[in-house]
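In the two assemblies presented below, chain A is common to both, partnered first by chain B and then by chain C.
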Partner chain A sequence: MSKTLNRRDFIKTTSATTIGVATVASGITLTTFADTNKTPVTNEKRWGMLIDTNKLSEVDIDGMVSACQKEQGWGSEVHSTGSQKPGWIKKLKVKDKATGRISNLALMCQHCEEPPCVDVCPTNASMKREDGIVLVDKHLCIGCRYCMMACPYDARSFVHETLSNQKEHMPRGKGTVESCTMCVHKVDKGGIPACVASANSDAVIFGDLYDASSKINQTLKTVQSAQIRADLNLNTGVRYSGL
Partner chain B sequence: MSNIRFEQIEGKSLGFYALIAGLGILILAALGSVYYMEHYGHFVTGMNNRIVWGMPHVFALFLIVAASGALNVASISSVFNKKLYKPLSRLSGLVALSLLAGGLMVLVLDLGRPDRLIVAMTEYNFKSIFAWNIILYNGFFVVVAVYLWMMFERRMNRFSRKAGLVAFAWRLILTTGTGSIFGFLVAKQAYDAVIMAPMFIIMSFAFGLAFFILILMASYQWTNRPLGNVVINRLSNLLGVFIAVVMYFVAVYHLGNLYLAENTGVENFILFDGGIYTKLFWYGQIILGGFIPMALIYHPATKGNRSMLGLASVLIIIGGLIQLYVIIIGGQAYPMELFPGKEILEGYGGVAQYSASLPEISLGIGGVALAIIAVTFLVKFLAFLPESLADDVANPHHKG
Partner chain C sequence: MNRLLVVFLSLLVGSVFAHTNEHANLGEQASSIKASGKVFHESVSIIRKMHPEFLRHKRDKTLRQGVRTDEYSLKGCVSCHANKNKTNNQYHSVDKKGQFCSDCHEQVGVSLDCFSCHRTIPKEGLL
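The block that comes next holds the complex of A and B.
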């Protein structure tokens, strides 16, 4: 006895097959992606940096800036004007109004625990990893620049032009926002950020703020340090001493 | 009120087609500018990493704020049951939707990646005021469209009051959201003030009504329909009150900021020594966009004169654009306070420079043109305008 396939049966069969295939396929895809990151980032660590302005010379800071440029591939934009060029890390010279004391420091994304850029980003492109590193998902960024409005440190840049010769580990894109990643690609492999590596190890210390045995943790326990715009209660990952 | 008859405009005159053509050219110029900016990148604009929101944002936010205010006329009729405004309700809804469409066009096309609009519509960060605004703007279209349907469809007329209430509440929340885009920015001294939200609401009342009055007067003038003094004088008075309240809020905002020591720097910048921003504030926003329109509306020599009311409305629109320029660009130009008690010698600081490029201005004007072309087209195809707003029609109790 032959059975003709009516419309209801056809929809039932094809829907079941489609759902089945989609479920299995997405399962495989998720597993595949999950496998690539064998040690998921957790909040047991909080990456941070301590910059000692007393030990940091102007030459050191220039070195930090160029190490960052070299590592991440920014700064060679040809069309952008000076104020349009990206600046993931800046050299600042600050004078105390009362005493006239001058300090030099490097200013980059402060990797806040409560980042205003993450709060305001409409599409979740601005995000904070569990280990405290604040990043921009270049696939989700729509280039609205609200995060730049919200950042109290002027730490974010907008890519104003088409780019070429990009670094493989750091895809950048015209029309999106970017900032210091704390060299997450190196940190995840047990390395340290390029700027830290370029400066002398006493002037810039990088490490896990939560780890009581880490150099940064121990130093922060003994020296006076400050957060920039501490009044905003953002609990920054980057700290400064000698300011 | 039963003798109000709504009718489409004929829209066959040379003037009509000339208007459409003129606006069309402006819209094409805007689209060309977008192509240019997107193709080459934003380096062709005047924006940079300090002034990240430029002229397009001034126009976009102005239009969005005005859109919400343009709905007021309908709200007064529906929510407060003022019969005089009832014949104006349909046009009020239409102007509101058109202005919002124009504003959103500018906002979206100014994004670094406008091609990712779908991301903005599918990925929401509910902590972000911006994300809430996207929902509020889209919702406004739906709410006002339903409201218009209730007004158009005779069988649905009985629900129009309720729909009007929802639309009224929605537009208040929407403008609160728009003002809060700035009000919640803790980083910049010029922003981070809760008063931004109510100030934007009252700004919307004034800018939206100014647009509405211009469109109303132009459409009646150009279609030779009667428009009586009763309606015009009422709207004129309302506009005067709104612009006075805007000035009151501006005064409270600046005086409040001056009182807080941490904000005296930025206040001095805007009010006294900010160069172009100070000039724009006093001459543009306060005198041109505030005192002169008030004088035109209330001074016995110009009161009741339609040309003067038109001029006042134009000045309020120009003053409003200047006000948003001072808020948006001026607020970004002034450097953030990174190190209290210290002076930054190198690396950051100083007043950021910005000069709007032609493509940015063209995009902004394109948004205004889109709003006007939408109104022009829709009044031709749907019955938005009463065939007469003569005094005896608009107000049957009017004597003589």
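The block that comes next holds the complex of A and C.
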């Protein structure tokens, strides 16, 4: 199969047209959104992440968490109590019982290929895009929270309070479930997730798992990596090395 | 019977279009576009009647298929139709009483729930 345009060229050619600002009348500007994605995403791609726990300090992981909060606008809820607070990405300590070795993980939605959260959803709100990104369609979410029960990674949270001043690209509201979107609003425009951007580019790699020329694909071929709870056979899109 | 139906229908349609007079709260950008003589919505009556369908269609395409064009995007509606409070230079929420969205929705007695999740004012630093 020959490709006429590789991903890098695609980004190069489209980034120039990403934000166009047209002057309509004096003092008024109309921002036109990027036209990068005019066609539906397909299953020719599968987005994924490889997180190298050896290369991430606790401070780096905290940085990833705050990058996510800043990008997506969660974390400043005032009325929610401890366990009600949203957590799209968490710092997790895991200890090897035999050796006592402790590693720190950044844990977010693993974007499972066989997502239990989608299986149990009664309204089809919990859904997987063709390119592997798992999302909640809040237009359909009735807040039953079955998906939160079904997720083995505790990756989802429920909004317990009335919100305002949400991010323009990330509608969030009381009574619906939410989780890491793999920064789909950026990815669809050729960008990378905020948490990935905040970390060292070798420590967290984002890319198309299917693309043999991508850094993530090539790295996965050479280093040892693992899925968390691989025994569940969910084939996660987020992988870890150095565990 | 038919005549009654016609009367009833015209009352119904009349109430939908009772608001054809100048919109009090068109919004900052929308007003400027209109004043400049440019046309944004080709047919005002179509956008008035059909915007719920347009938005619903668009929301599914964007969320489920990743199609991110600016046509019929709710962000676009909000950023164009929001008004500023002249005294403190802050935007009013488009769904607040007397603002663009609620103006008509109140008139025709519909209440909907876009804005418990969606941002009600233009993106920071847009204008």
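Details
Note that in this section the second predicted complex is superposed on the first by the 206 of 243 C-alpha atoms of A that agree within 3 Å, B and C clash if a C-alpha of one lies under 4 Å from a C-alpha of the other, contacts with A are read in each partner's own complex, and residues count from 1 in each chain.
To be clear about the criterion, a contact is a pair of C-beta atoms (placed from the backbone, for glycine too) under 8 Å apart; a residue touches a chain by one contact, two chains touch by 3 or more.
As the structure is a prediction and not an experimental result, all values here were calculated from the model.
Contacts of A:L135 after superposition: chain C is touched, whereas chain B is not reached. Once the two complexes are overlaid on the shared chain, A:L232 sits against chain B while remaining clear of chain C. After overlaying the two complexes on the shared chain, residue contacts for A:C151 are found with chain B alone; chain C is out of touch. More residues of chain A lie in touch with B than with the remaining chain of the pair chain B and chain C. With both structures placed on the common chain, the touch criterion links A:T81 to chain B but leaves chain C unconnected.
Judged by the touch definition given at the top, the superposed model places A:T162 against both chain B and chain C.
By the touch criterion defined above, A:C121 reaches chain B but does not reach chain C.
When the two complexes are overlaid on their common chain A, residue A:K174 makes contact with chain B and with chain C alike. When the two complexes are superposed on chain A, the residues of chain A that touch both chain B and chain C are 162, 173-176.
Partner chain A is touched in their complex by these residues of chain C: 28-29, 32-33, 35-36, 38, 59, 61, 63-70, 73, 75-76, 79-80, 116-123, 126-127. Interface of chain A with chain C (complex): residues 24-25, 27-41, 127, 129-131, 135, 137-139, 162-169, 171-176, 184-185, 188-189. In the complex of the two chains, the chain B residues touching chain A come out as 38, 40-43, 47-50, 52-53, 111-114, 116-117, 119-120, 123-125, 127-131, 134, 181, 184-188, 332, 336-339, 341-348, 352-353.
Contacts from chain A toward chain B in the complex involve residues 77, 79-81, 83-87, 90-98, 102, 107, 116, 118-125, 140-146, 148-154, 156-162, 173-177, 228-229, 232, 243.
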